[in-house]
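Below is one structure, written out as structure tokens; comments come after it.
Going in written order, the chains are labelled A, B, C and D, and every chain counts its residues from 1.
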């Protein structure tokens, strides 16, 4: 294939490369070889996403017509500032998680399942990329289910170390399927009154529709479905168990990217597809999204403070962080949406890094990482722990870390909209998050009562290098955040541009 | 203003959709048995399939296969295509769900949600580790 | 059921016609109602019927697990390969017009290949599902508590 | 001049950090490790002198690393007030480093390497706070200071030490994250900048109704300033070894707090803006209450370090009061008081530690009659107490005088009365231990062991207290430069 052909087909390659390598990986019984396929798949997606991001930097956006069928008849992939940024973040994180998987995944699952596991891995990352790229409301549902089903398989693989993974996967399946079906019902209503499925076309036709009720009901179903996938409070209940019992590498990948795609879709639906009916979306933003986001922030943070299992603790913290992103979108100004995108990126590297570190602990301890099991690990695994700490400080949002930049722009957006009370709540919650992080830090350096538990193997670069890539990204984006902030601003301008 | 009788006579297809949808969702929520939950999910999804198809059907319309005469009303083919995809997705979901139920049954010995939950609270270690710890305790006693 | 002569005979007679019907549905999909999804299920039905009557082991001998997995992957790869071929020949992903010099002929070739890929995969998936459920062995995954597991479940 | 001001700036900030990083490697020989602190202190102090000299000459040494958001740069830039604080922190570090060697060895403390390393990190943070280029950089090092002193506070690793450490951390980090950081971000959102400009940056951008609330967010966000009711962490931190209490909880940490507030009042709000809007009137009363209340508590304390801690709380509010009065003279007095109180209070803490190392006495009631045994240290205590009370010829009299003149300028008679009452109480509770030691009969026979490294530093700082009375000009000059710009 010529270079020109590759360039022209980049939007498809982001999705197709991982998806097509998935069956190849499934055929390979050797774990190492299957891992190479996974690296090629996620790496190819990352390169494509990187080139796409370069292409949209100039402010252009373009559409890719699958099968050369022009929209609104065919399915299009939309490449604009918003989707390119989201896809780049997700591709980068799934690539880093794949690097970590080489040592981590075979240790936690059955060796003969490794090929199929990497197959599901590639399907999940390709499906999530497709979710972001597609400009077709129904195609979105297909990608939603590709990514969800493969994620469920990956979560169930955790049964190799803890059988509760099966129940977590089952619950995710049921809740996720109900959510996805809600979305399809909504699409059905909207299709019934507009006769189109293309998002851009929908955005044009929805304001012309006379039957307001149908639009409202369809919108409600669609948003409810996406909220389930995004794990926004109170439909987050599948998330903590799913992240906690999945294999370490899977937890890291899912925590970093899975909900981000759904949050992006939420923004797309709210700010482009239904941009023509601002009174409907404003209602949802003001009375549903913002209160739920704040409730989620507090619920997640408080549950995290009282949680003892470290992976569950991080999962609860994810619920809170998803709340921040949802809140940022709920502000609905371009500054707010930009803050949301900034936090999508920052939270991906923060939580990805923390789960990678916990994966390192898990492989050293060979048991579930509870707080008491972590006693004194700071001295014995200093490299992993330092990386964990950097990500942790970023999570609370101390300056010089990426998390601070998120907080800075979120608070700025809140002040600009005079949402002072919400701002205070956000800051109080971020202070509460200090509580659970400090609890971990203290234990990491505490001396154990008796002898140290024996560790299985030393720290190896295969396990801590991916973590450190993310830790350095945290510091880098904390000191020189301009690229991410600019990209997020462009994304926000692009989405809000649809309203005006 | 709205005549209840006309709702039943004119919109019976939608009423069926609603009944199936609510029934399915109710089963998903209320049942303890993991297989029954999946059955409920399948009913719920099927109601959506019916909904799409009934929306796509045009009164007096024929199957959307191109005919030579110009004044033929075709039913909308697109919903059928969408639902074909949705059915495939539904099959995959159900299959995966049932596979998980089998594994849960093998691991916990039960497919009742409440029983599985109580087992969860106990030792959830993998078989090898737990067997080892049990023999330990037996040796001690 | 293996000993029931009526079932065995019927199965033997039906096996080939079902597959032929499946192939008909498969390759007429581009002109008339049909296509890979339906055909795949129909063809898989033939194999499942075979396995039901003659036993799981016989079914596995007919389509071994590795072949099943290979077919599954091959179908997806064929589908994707057509898409990639479209890209490499100067079109976009899944663009059939560029496959042959004549766009119309290209459309035919493209859709037939893609549908064939779908058919292969659906057949393989259906078979894999059947064997996974029918041949599920709780011993492989279970623990001590699975004694009461239903051992009668199985293909015979 | 052998250093450019910029080089001096970076030397002053990073020399302590280098010491901290080298300490674990030097730990192979205890002597190498213990000499690193004083050497680093001397280098830092020389750098601080250069910087202060340049500031007095009208320069603004500055250095920028990166820009993290429009109007927020990562960098350092020395203000006149910063020069003062830098001098205090580095100069007293030299003595405290020598003293801590004597104390830690004399007490046979464990983990001396860790102690020395974090001690140096804390000084690094204090220097960076002093010379920070904007509010955000100040905030960053404010947090680093908090975190780096936690291992020092919880040094003994006992349950009591850890609980105290947790209280310390939760109050300081909690207030700063909940109030200070939001206030910083709010200022940035409203003005688009965070740097320190003489005369302030808020005038014209923030309405007078908001100003008191914003000031409250700063005043209570800076938990290190220990305005009641956020003072609890300071007595709790007294479980730390005395060198920590001396340098950090009499100089670096608490002064970082009041320094931050003074910086905010002078360079962010601006004295004139505060005076015009009356935003700080409530703070005058809050600090007056803290001054009197903590003096009352101090009188009841029998533990010497606890009494000194409450005295510190009261004295810190003097500085904040100076900022809140919002006249030029009062602000100058506040700046000078940072220096005078630091030198005086470190003397008192040094003495408390010296008494503990030599005689293992912590209670004031047990000091009766011990004076003749430890003449030098009690003499130092006496002079230090003089400085705190504000009696000539000790340095503290200048700052108290300036604060009173400032209050009179603003017509706040009540403040004058409060300051007077407070001085009387100071006399009682600070001179009481000395009086008991010399004029009461012995209640406890103790074995005195002589540790010279714990005795000469307090004597040196006591001499410095006297010297500062006669040579206060440079300090006052810098303070004047602070308000005139």
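Quick notes
The rule is short, and it goes like this: a residue touches a chain if its C-beta (ideal position, glycine included) is under 8 Å from a C-beta of that chain, and two chains touch if they have at least 3 such contacts.
On a predicted model such as this, the values are computed, not experimentally measured, just so you know.
Steps from chain A to chain B, minimised over paths through touching chains, total 1.
Touching chain A and chain C together: B.
The interface with the greater count of contacting C-beta pairs, when B-C is set against A-D, is A-D. Between chain C and chain D, the centres computed from C-alpha atoms are 78 Å apart. If you average the CA atoms of chain B and of chain C, the two centres end up 23 Å from each other. If each chain is reduced to the centroid of its CA atoms, chain A and chain D end up 45 Å from each other. Taking each chain's centre as the mean of its C-alpha atoms, chain B lies 67 Å from chain D.
For chain A, residues that reach two or more other chains under the stated contact definition are 159, 163. Shared interface positions of chain C, i.e. residues touching 2 or more other chains, are given as 141, 143. Each of the following residues of chain B touches two or more other chains: 103, 107-108. Shown are all chain pairs that touch, namely A-B, A-C, A-D, B-C. Residues of chain C touching chain A in their complex: 69-70, 72-74, 76-77, 80-81, 83-84, 86-88, 90-97, 141, 143. Only residues 65-66, 68-69, 74, 136, 139-140, 143, 157, 162, 166, 169-170, 173-174, 177-178, 181-182, 185-186, 188-190 of chain D touch chain A when the two sit together in their complex. Chain A contributes residues 396, 398-400, 405, 407-408, 411-412, 415-416, 423-424, 427-428, 430-431, 434-435, 438, 442, 447, 478-481, 485 to its touches with chain D in the complex.
Residue ranges of chain A in contact with chain C, taken from their complex: 1-2, 5, 8-9, 12, 16, 19-20, 22-24, 26-27, 64-68, 159, 163.
Those residues of chain A lying in contact with chain B across their complex are 138, 141-142, 145, 149, 152-153, 156, 159-164, 166-167, 169-170, 173-174, 177-178, 180-181, 184-185, 188, 191-192, 197.
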